[in-house]
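The first chain written gets the first letter, and so on, giving A, B, C, D and E; residue counts start at 1 in each chain.
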Amino acid sequence: MTNLLEIRDLHKRYGDVEVLKGVDCAMAQGDVISIIGSSGSGKTTMLRCINMLEDFEGGTIRIDGEEIGYDTAGGRRRRKKEKEIARQRAMTGMAFQQFNLFPHMTAAHNVMLGLVKVKGMGRDEARGLAEKWLDRVGLAERRDRYPGQLSGGQQQRVAIARAIAMNPKLMLFDEVTSALDPELVNEVLQVIKDLAADGMSMLLVTHEMRFAYEVSTRVIFMNQGRIGEEGNPREMFVKPQTERLAEFLMNSTFN
Amino acid sequence: MDIAAFLHVLWLARMPILKGVGVTISISALAIVVGTLVGVGVGLVLTYGKGPLRWLVRGYTDFIRGTPVLVLVLASYYVLGTVGVDLGPFEAGVFALAVFCSSHVGEIVRGALQSIPRGQTEAAKAIGLTFPQTFAYVLGPQALRQMLPAWVNTAAEMVKASTLLSIIGVGELLLRTQELISRTFMSLEFYLFAGLLYFVINYGIERFGRYIERKTSVPS
Amino acid sequence: MGYTLNFSAVWRSFDLLLQGLALSLGLAVMGIAIGCVIGLVTAFGLLSKNALLRRPAQLYVTIIRNTPILVLILFAYFALPQMGVRLGKIESFVATLAVYSGAYLAEIFRGGLLAVPRGLKEAGLAIGLRQSQIRNTIVIPLMLRNVLPSLSSTLISLFKDTSLAAAIAVPELTFEARKINVESFRVIETWIITSLLYVATCTVLAALLRRLEKRMSIPR
Amino acid sequence: QENKSKLDEVLARGHLIMGTGSTNAPWHFKSIDDKLQGFDIDMGRIVAKALFNDPGKIEFVIQSSDARIPNITTNKVDLTCQFMTVTGERAQQVAFTIPYYREGVGLMLKADGKYADYAALKAAGSGVTISVLQNVYAESMVHAALPEAKVDQYDSVDLIYQALESGRADAVATDQSSLSWYMQQNPDRYKDAGYGWNPQSYACGVKRGDQDWLNFVDTALHEAMTGVEFDSYAKSFKTWFGKDLEPPQIGFPVEYK
Amino acid sequence: MTNLLEIRDLHKRYGDVEVLKGVDCAMAQGDVISIIGSSGSGKTTMLRCINMLEDFEGGTIRIDGEEIGYDTAGGRRRRKKEKEIARQRAMTGMAFQQFNLFPHMTAAHNVMLGLVKVKGMGRDEARGLAEKWLDRVGLAERRDRYPGQLSGGQQQRVAIARAIAMNPKLMLFDEVTSALDPELVNEVLQVIKDLAADGMSMLLVTHEMRFAYEVSTRVIFMNQGRIGEEGNPREMFVKPQTERLAEFLMNSTFN
């Protein structure tokens, strides 16, 4: 069986600074992987490469065996056509820290846009699906509100519904709760837990250690552009193997 | 001023004035429509264009914006003729104003597009939209709202700039007014009256802009 | 077409053009400087909660911005003396430009003021600053930084508006250019040189503003 | 095709295209029913009549003073008749026809104003302001009559009158023809200062290098002032300048006296 | 001995909504009081009234016996003159969630502004004091940086130094850590702890229960515009008296 996601020797630089210095990672269907690590360690960058929001200079990323973003044939590496990349992006769903809902569309229209324009679904069918997913994240009554009329937690749930409705093979979450007030965090985390229970494959960057501990099948600790440690959350949180992880965990548990 | 005498003269002169208003409105409307269409292209190149093309368009907007409109008008009437494009005064004038309008609209479009958070493009990419789709459904509509007030200003600017076409003999409101003055010698009265008409046209544009703004505003 | 350019008539009177340009600059600097003060006061008026301050400010901005400046110039120069206010032609034009630019700048300043986060004013209050101190040390400096990028467009337009002073016999650049035209009839040549002078001045102005913007920019 | 004269072109076209203005009475301005009229307009009609035997076969292109010469040189018009003063410099750019009017500058005062006449103005020295139409030599032109007066130059005729009306100027100095028309339209409000100077000729202009066409227009104007079309010219002169002309003398041609 | 702060029957409404419905509270010199409570319960509003950032309709607030914001003489209540209120505001220092540093001034100038303009101090003396306080919050080397060049945690520390340098009788903190990344929170909390140890009187709104527990002498639980419960942190967190507080505490300890 091929892995759902396979990253080999991923390298990424911004100008002179190498931000990812060779990341290898594999993930099976149904895995829920939390990525932790201190600020600037490259967590966000890794997600953005998987979704081709950033070009990268070296290594390969494969989803379901298909190479993302580049064709490597006969030693030469060429960026795929923009249209092809757009299609590949739709294989993954992404939720951002700042929600990034489209402010000029209602919640339902936010969810429908990709369905209609990318999947070519009819408007009625798309509407049905959008409503189904908004119900699932507990926003049945807010379908026709605009983002500006929703609280942060509600906006984030719409953003998740928008990504999920595209039926991605893999969901990427980048610190989806850190722009939220503490009391709103729970509603979003609950939605993610439910998705995990449904068997959705997920890769999530988070600062909520407790949540990472409870929900993930595996945890990756990023350190200075590399994977510092990786394993089962029970073992990692209780018995960190590296000093750097031990230190990081100590700092993160104050609250 | 003798108000009654003025009103009498005004009544006799109603047709030329109405014609002038009509010409002023058609010049402005044409210049605004053409200028806006071209300006959107200019704005797109300024925002997303690369290399020499962008460089060229940057030069175009800077040069046009620094040139007095009067000079643009004279140039399109006389200089275009020497390169074989012989336009009548009306066409030449509209052309000049449209060029002027396009450079302003280009800057407005650029400003509006640049003020949309990057996250919007990324979210659109993330659900698999191509760039043209992203522009059509996500960036364009948001930029439109953003640029509306500045665009309304430019539209009013065009109406005022249309007065310069009197130099090349286009019978717009100002030239009509001056013609009336040359017969009646009531200069102040007619200039103020023309000012009032321009005010009404521009105020109409302003209200219209507000109306569209309200219509398209997003609840929050 | 066979039209050959001949600049000798323009060069012969070039010193007139330079004198005109100097006067244009002087008019612009004086008019806009006073306009800035008017604009600033009006901008605070526009944002005031007190309708007695807000309404007149709105009325002023609406009327002035929608009226062609030529009408305002003629009104100030010819009609005001009949109402007992008599200014010299330069003073009259500077006053008109100040009133006109005040209305435009007020709108720009208003936008800049709105973009100063409320929290900063509260932080000023919290350390015990008085309203006037907050206005002078926090709000206005930040507002100026907010508006600088969009200011260059407006300042360039206002500078070009000095060309209308020709209508009331103020010998600025356009006036001198027209004089040369009437004499030599080298219209195209004269306008080419004149517009180059305008473009050059506007370019220098824009560059200066960009420099200022850079100098005032807050390190981050 | 090669070197065909404008004359042939106009004849083939079937009407004459003349450049002129629309804002200066009594030379070229609009009537109450929005038709162009004035002395310049009548000159154009005389040329049209010579061409087609129909004074109506003429199309007017309205242009500002600035546009007079460029519109000729860029072929926008066949001919321009727009109170154009003949000068050597201008003659290098366009070909002037024979003059059709001889103008002089006069001074106009408010009837109830501070100054009674030219002598009073002159006596006031630098205390008077004169409004004139914009011109490079406007200043020296005024100073020829009033050596110390201040000079304000405006870019349109209505504004020089407005300057006098609103007290911005003490007198207007401009073409005597314009002044007399203005005083005729506004009886009793103004008076002539009684001094004239600075003679100048008004002629039509055509493009340089087409002798055929220039000859034709010259002939048409010449015969209007001295020959078969004299009646049209005299009638127009009476309408716009209010004076009757002596008919040309029969016998030896006046040109060779 | 008079109380440092005394609030009697404080009422505040925004339009039709009554946000504070009669708050009474007293605080002695050296007290460190944490205010907790769910979103919208009126915590921020209470602090803002104490600092006269909001007018209020009923009740009195006294600091060191002096009535804040209003004169109540002969049954009539009049707002004090703006200048007088400005002087009173300087008796309290306030630190905000969004830091609100003046972006066009360096850290040192931010601190000096109030000293020079309000206290009328000479520039050199003000500079010395500003440097002393910036050193105290661990920013000795960043004095001449602009806010945009500082991390969130550093900015918040400058904001605290700016308030403290004015030598206020009472410091008000409104969720000073909730706009910060988890790793930066600690630096700020440490500064507050040090201030508490120095005997500074403080009133702090916080969502960090652990911190409230560790640092405060007393805790106030706000509930729907009233004080729901109040007491010693040890007792309140372990044995909440009201059901509403018990519920609130349960929700707040997820992360």
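Descriptive notes on the structure:
Definition applied: a contact is a pair of C-beta atoms (placed from the backbone, for glycine too) under 8 Å apart; a residue touches a chain by one contact, two chains touch by 3 or more.
Protein identities per chain, from UniProt: A, E = ATP-binding protein; B = ABC transporter permease; C = Amino acid ABC transporter permease.
Fair warning: this is a prediction, and the values are worked out from it, not measured in the lab.
Traced through touching neighbours, the fewest hops from chain C to chain D number 1.
Shared contacts of chain C and chain E (ATP-binding protein), meaning chains that touch the two of them, come down to nothing at all.
In terms of the distance between Cα centroids, chain E (ATP-binding protein) is separated most widely from D.
Each chain's centre was taken as the mean of its CA atoms, and the one lying most distant from chain C is A. If you average the Cα atoms of chain A (ATP-binding protein) and of chain E (ATP-binding protein), the two centres end up 38 Å apart. Centroids built from CA atoms put chain E (ATP-binding protein) at 53 Å from chain B (ABC transporter permease).
With centres set at the average Cα position, the gap from chain D to chain E (ATP-binding protein) is 83 Å.
Shared contact sites, meaning residues of chain D that touch two or more other chains, fall at 66-67, 70, 74-75, 156, 159, 162, 166.
Residue positions of chain B (ABC transporter permease) touching 2 or more other chains: 74, 78, 81-82, 187-188. Chain pairs that touch one another: A-B, A-E, B-C, B-D, C-D, C-E. The part of chain C that touches chain D in the complex is made up of residues 1, 3, 9, 13, 74, 77-79, 81-82, 86, 89, 166-169, 171, 175, 178-188. Of all residues in chain B (ABC transporter permease), only 117, 119-120, 122-131, 133, 137-138, 141-142, 145, 218-220 touch chain A (ATP-binding protein) in the complex they form. Contact residues of chain D toward chain B (ABC transporter permease) in the complex are 22-25, 29-32, 34, 61-64, 66-67, 70, 74-76, 156-159, 161-162, 166, 182, 185-186. Taken in their complex, chain C has these residues touching chain E (ATP-binding protein): 117, 119-120, 122-131, 133, 137-138, 141-142, 145, 218-220.
Those residues of chain E (ATP-binding protein) lying in contact with chain C across their complex are 51-53, 82-83, 86-87, 89-90, 92-94, 96, 98, 100-104, 113-114, 117-118, 145-146, 148-149, 159, 162-163, 166.
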